[in-house]
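Which chain is which? They are A, B, C, D, E, F, G and H, in the order written, and residues in each are numbered from 1.
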């Protein structure tokens, strides 16, 4: 029997999960339910929506209202769910491919609307499920099965993108610092608006192997090494910033939330048909 | 106040990735024939880092009270 | 909307009015000629009844949001035209697989591709049936007057809920944009079907199990305390993915059979001057209106001719068409395309009678006169 | 009158589709069957615009106008384009401003200053469509005056009721005063 | 690739090797099981011959980039599976309308929706024909061995160029992933068709005019000095949008007829033990392999049975099938779906003989044994 | 006969164009050909790609290699064209709907790749072609036929978005200051990489009418009033910035261009099959 | 050096939107029965703003030399 | 030998698909017809993995293995799952480490320390698949040794040729030294 936390929030009969040994996804997923547990919201009022990908398999393991949608469309499904029932806490679990490749448009539009959805991207810098093709977040020069000579695409700064698109809570964390994920997910859920949480995670099977970056532990250590807290980062001299990734809460904004605004319209015009 | 009852290992969930072992600050754990194994419980400081980072929910602290 | 009163109403408007009566509380869409008025009117009307309208970033977003909203318990609709209908195909397949009721309106325009955006066509007949990948069945309805748009929209919602499936409402640009007399029925005279809610508690709920006496699994909504899983993967009765061959075969069988085995309930059609007819025209939508006029003219000339007008386009009225085919000399399929439904009619009726086709795709309606002269010249006897 | 087909034509923005709707609603009010359709191109403005109305005592199947009994044209372009839709013996109502007239021997023509009346006499170019309705009414009596007036008032923006009523009357007047009942020459 | 040598090759690999021989210089794709190896191998091989590979943000981007690259003069291909094939439908329609040669590979997997991503299925047969909106024709090919994937891929490129149209290459997951013996043909033995370039100068170039003796308009590439316009709207011979009814009808007729009128050139099929056959199996792809074994077994039992295996799935080999149908007792269509091509065969052959169907959609191949026992039990005689 | 410039670069037999009287699109289009003329590139080497919309009709009027694609996909078509033939100067003409609604994903990915395409968005804050529905750039509160009670969606700052996604030239101008458009298009074409030029234009027929903002002249005047040059804007006190839109060159970056990088791969690995 | 030959109006292109009129710094232009009309050419300072902003390419300066 | 079907089974990552390919290439080299397929689930690792090889003198139609002549299983899970695919009289090769054996009376079983040999004797767990190939060769002689060795060397990473050759030999040795020719009891 796993821990009480897992017992409570997981569909434990579907464990062990599908993920490879040492895959970081399980770490993020635990952090998410821990955050939900910390806030103490009713399981019946949580809806987890995921796309397609290794990471997006997450929804099936969680004992909430869960949808495993089509590839890239989790946020569009979630928008329908949230608008139809604003009482639900809608959480989107998505991968770097799901969210930033095929799903990029839904991401920027959900952010623009500032709809109250908490999006957690499991960014492993690769398409895991299909076997290791480079993704929009694969660092330039790294290899993937479709980038055998090294990736010439630049990689997105997803947090910058989400912020520019209009998200009102933007943060980044890594599976090394899983406690930070918990805090960020809590903050994201509490933010009434679109929250975007990028979690750097690890794919030992494809990203790690293709790029000769070692075993699961090496990969997590690597995340520890390259990530710097925002406040520290800002103190770093320019030359020391190279190759570093900023983590922490990166942006907070104040804007009306979409479903709230819609309800105002209903309240003003209802019944005048 | 909660006190540690035990450090639980759920063997059938453990995939032997070694993450908990590597990041345990007190070197409490080890891998034995592909599964986690508690080497010296007495050194455990109940920091919970193993539980926090186990991707497979195979190790966790149980508290009493 | 004023009940029991005669009104001049546009087809697209009738669709929205009827959808609201049928219980629509959610609409997500993306504008496209000639369907846009459906979005515009939904935007205006839904908030007034406490419903929600959202303009999504594209058609894929729209069908996705519609599925999401339906899972959250709201009757939902989207409307589009050719290019958008193509984009929605993946989502339609998801709704089929996950058994999510919703209504997808396609007000057709000239195609393929961007085609002739402001001209009428009936070119998406086969796409409505086969547009998404993988084996599946579909329900598609095709009204031919503004009043029928009203009734058929309500029926589309009812069938969607009854069979837990997306229902396609195919419309003609002409009728979508046309204003016509319509008698708004009294609400009491309208039958509304609501999705069957679980009769068991959350503990025992098996979201994809069909209970004795039911056609489809009972459907809880998100947030009602039933915490279930929905996926587009092949799944078992609990809704969880499965790679089991039996599970797969049973699921696909069930999804297809819930429609194919209930054809008699789903199929709706009109027979016009059919009793003694020796020659038959099959036509739907606006083309059927021309066919009626043509039949009146030809009857006056002494030809025993009648019309079979499918209102349910898919599934096809196989039994009825077979029976007719066995009795008549010829069947002529008239449509605003190069012969799409004609293929299906040929398949069914071609064993028993001669099946011909007549069509055009130049952006103009088929006129009664051209049907008359086509029939007079006896061309109906060739499958051309 | 069993089956009566009209085309109202001009350029986008002249409100002819609204005029078609109003006419259709009036006919409906009179207990007739009615179908109103329109044609449009990709242009939002400036393209030619055409509203069609069929009014009938019996059911209307084919919803488009094949040959019309009445053609209203507010622009030369529209007039040229649709003149051949007019049945022999049909009536053409054209705006007086239209120059370079086409010839057709078999129709009746009213060339009247609709646009001018709206713009100058009523001071609102916008109401030309209602002026035109007045004229159509007076020529055809295809709908009752009550029905037409009601239909107009139901559809025009609040605050413009009086203006539109006047426009209707002016349209009627244009015909009442119309002398030059040309036959056989197009505007 | 070593010519004239026997090699063990995977189906997806054979597709890429052949595409490069056929002249492919551009590939845009988005990974999806079970087609991904085609993208991966293209990524590895194209730069080595000076060609270009790009992984686009999604399938819609992929088909769009492929069309763009083809307009810029490069033979182009994309590969996908069910969900991605659904997403590409709008783009396929554009390529049809604008007459842009390209090859779209669909390595099928279990559907509908996400379905069974790692299992074989033949569920996209009808979608390949009807997936995009509006009236159109399409060419779709279906190989059944690794060697045939090689040949058929080359043929797909050739037909795309010859008929200025997208060509769909349907593949089975099993064969895409299977390794099989293949004799790599000598380059000299391979016929490559390149698009016909304008014979007139830029001044006189009418990009959508078919010149005397040609099947399709001659095609300039962007950057060659012919400055022409390409649109998905109905367009005239100059390539500019038109709302003219005649232009529209002529264009659609031409697009359909360039394929339908050349069926004999396009259609390819195999006849196996057909000469004296009284019962016929129709099957394609991997299922045809099982059918062959079944036929061998049944022949040994004395049954006069043979196989008609379409390699060109669309357009259908109507004439050939009619001729066969007139001669035989029954036709059984075996496919890994619930009866898709069976509908088309029934339409063509049902007038002359009994047409039955057999299929499964559980992720497993149809085995020779189950065909044998299905035939033995005489079930082939019912259209079920 | 129109001016020499128009004679040279337009398919004059298709004039007058489809656009409404006073529609700003024609102003932008002239500015674009003027920029091309100023640079002096061979017409045969220019390829103009547009999506679907009033603005996207532009491609048909220009005497270059032109494609009128499907709605939202101009940049994806253009990516294929550019990669297939890097010698072409590829210019994308698109609308706010085409580019930022349905086409948003292709925009951010083309920017990320820094592929050498010059994108000019005709931003009229509305879907013109389909009759006046609100777009992702319709200011909050404004009306559209699908926002009869006022738009509750927030509007994108497209330039911010393009920049966050990776564009290396980003600028904004208005049809009032058409000379600025010319300069920006010149700069955009010269930038070897992804250039994003947002031009604020006017739709008197729908946006103007729906929002009672007056005639074509009023609308252009309004653009003049709300737009402020970047340098001036930065000097403005916070309270005076409200309601103002910054124009001018907003961002320049230096990154390798996509087709150049690809050619490097070819050069390194060619022939080693 | 180029000198102004004339200010050309292409009547069939002009849609009478009034933009050139409104933004001409010298009030050279006017609208007459829905088309642009040159009121007083002599005031024209050849700034080209009318040409720059005419959305229909209906007015432009022609230079000689 | 007319038609010979093999299943190589174990868990993802054990290189069994590569082993199947190598075997197929060797058979091809020997002039045989051959088809190699595999089955896989959604899991990237840890799921069960199965390679199938059919070797025949004649054409191979149906490409999957229905009943196999040889089953290799490196995990218990795989052994349990596929044991019934084995024809009566077929040969099961299982890794010695597999416990809790199923019973079947009609097959021949080789329980040999493939994994152990690779990991400990050769020092690279990774080469277990090649060890297995050696054993299969020695039992069946379905391919020639030359062909097999060539096929192995063509497919393994540069620099590991010697190791892999040794692995092949060790696999052969395992059978040569194999005494306990159990019959009728599963590993």
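Methods note: a residue touches a chain if its C-beta (ideal position, glycine included) is under 8 Å from a C-beta of that chain, and two chains touch if they have at least 3 such contacts.
Please read these numbers as outputs of a predicted model, since none were measured by experiment.
Chains that touch both chain A and chain E: C, F, H. Two chain pairs are in question, C-F and D-F; the one with more C-beta pairs in contact is C-F.
Taking the mean of the C-alpha atoms as each chain's centre, chain B and chain E sit 55 Å apart. The distance from the centre of chain A to the centre of chain D, with each centre set as the mean of the Cα atoms, comes to 61 Å. The distance from the centre of chain C to the centre of chain D, each centre being the mean of the chain's C-alpha atoms, comes to 37 Å. Work out the mean CA point of chain A and of chain H, and you get 42 Å between them.
In chain H, 41-42, 46 are the positions where the chain touches two or more neighbouring chains simultaneously. Shown for chain G are the residues that touch two or more other chains, namely 15. Residue positions 47, 57-58, 60, 83, 90, 94, 113-114, 117-118, 231-233, 241, 243 of chain C are each in touch with at least two other chains. Residues 21, 24-25, 28, 33-42, 60-64, 66 of chain D are the ones touching chain C in the complex. Interface residues of chain A facing chain H in the complex, by the touch rule stated above, are 18, 20-21, 54, 57, 128-129, 131, 205-206. Against chain F, in their complex, chain A makes its touches with residues 101-105, 108-109, 112-114, 136, 149-150, 152-157, 160-161, 163-166, 255-256, 258, 261-262, 264-265, 268-269. Partner chain C is touched in their complex by these residues of chain A: 11, 14, 43-45, 47, 49, 59-60, 63-70, 73, 76-85, 87-88, 105-106, 109, 262, 265-266, 269-273. Residues 60, 82-83, 85-87, 89-90, 93-94, 96-98, 108, 110-119, 121, 123-124, 126-127, 129-136, 231-234, 243, 245-246, 248-249, 252-253, 255-256, 337-338, 340, 343-344, 346-347, 350-351, 360-364 of chain E are the ones that touch chain C when the two sit in their complex.
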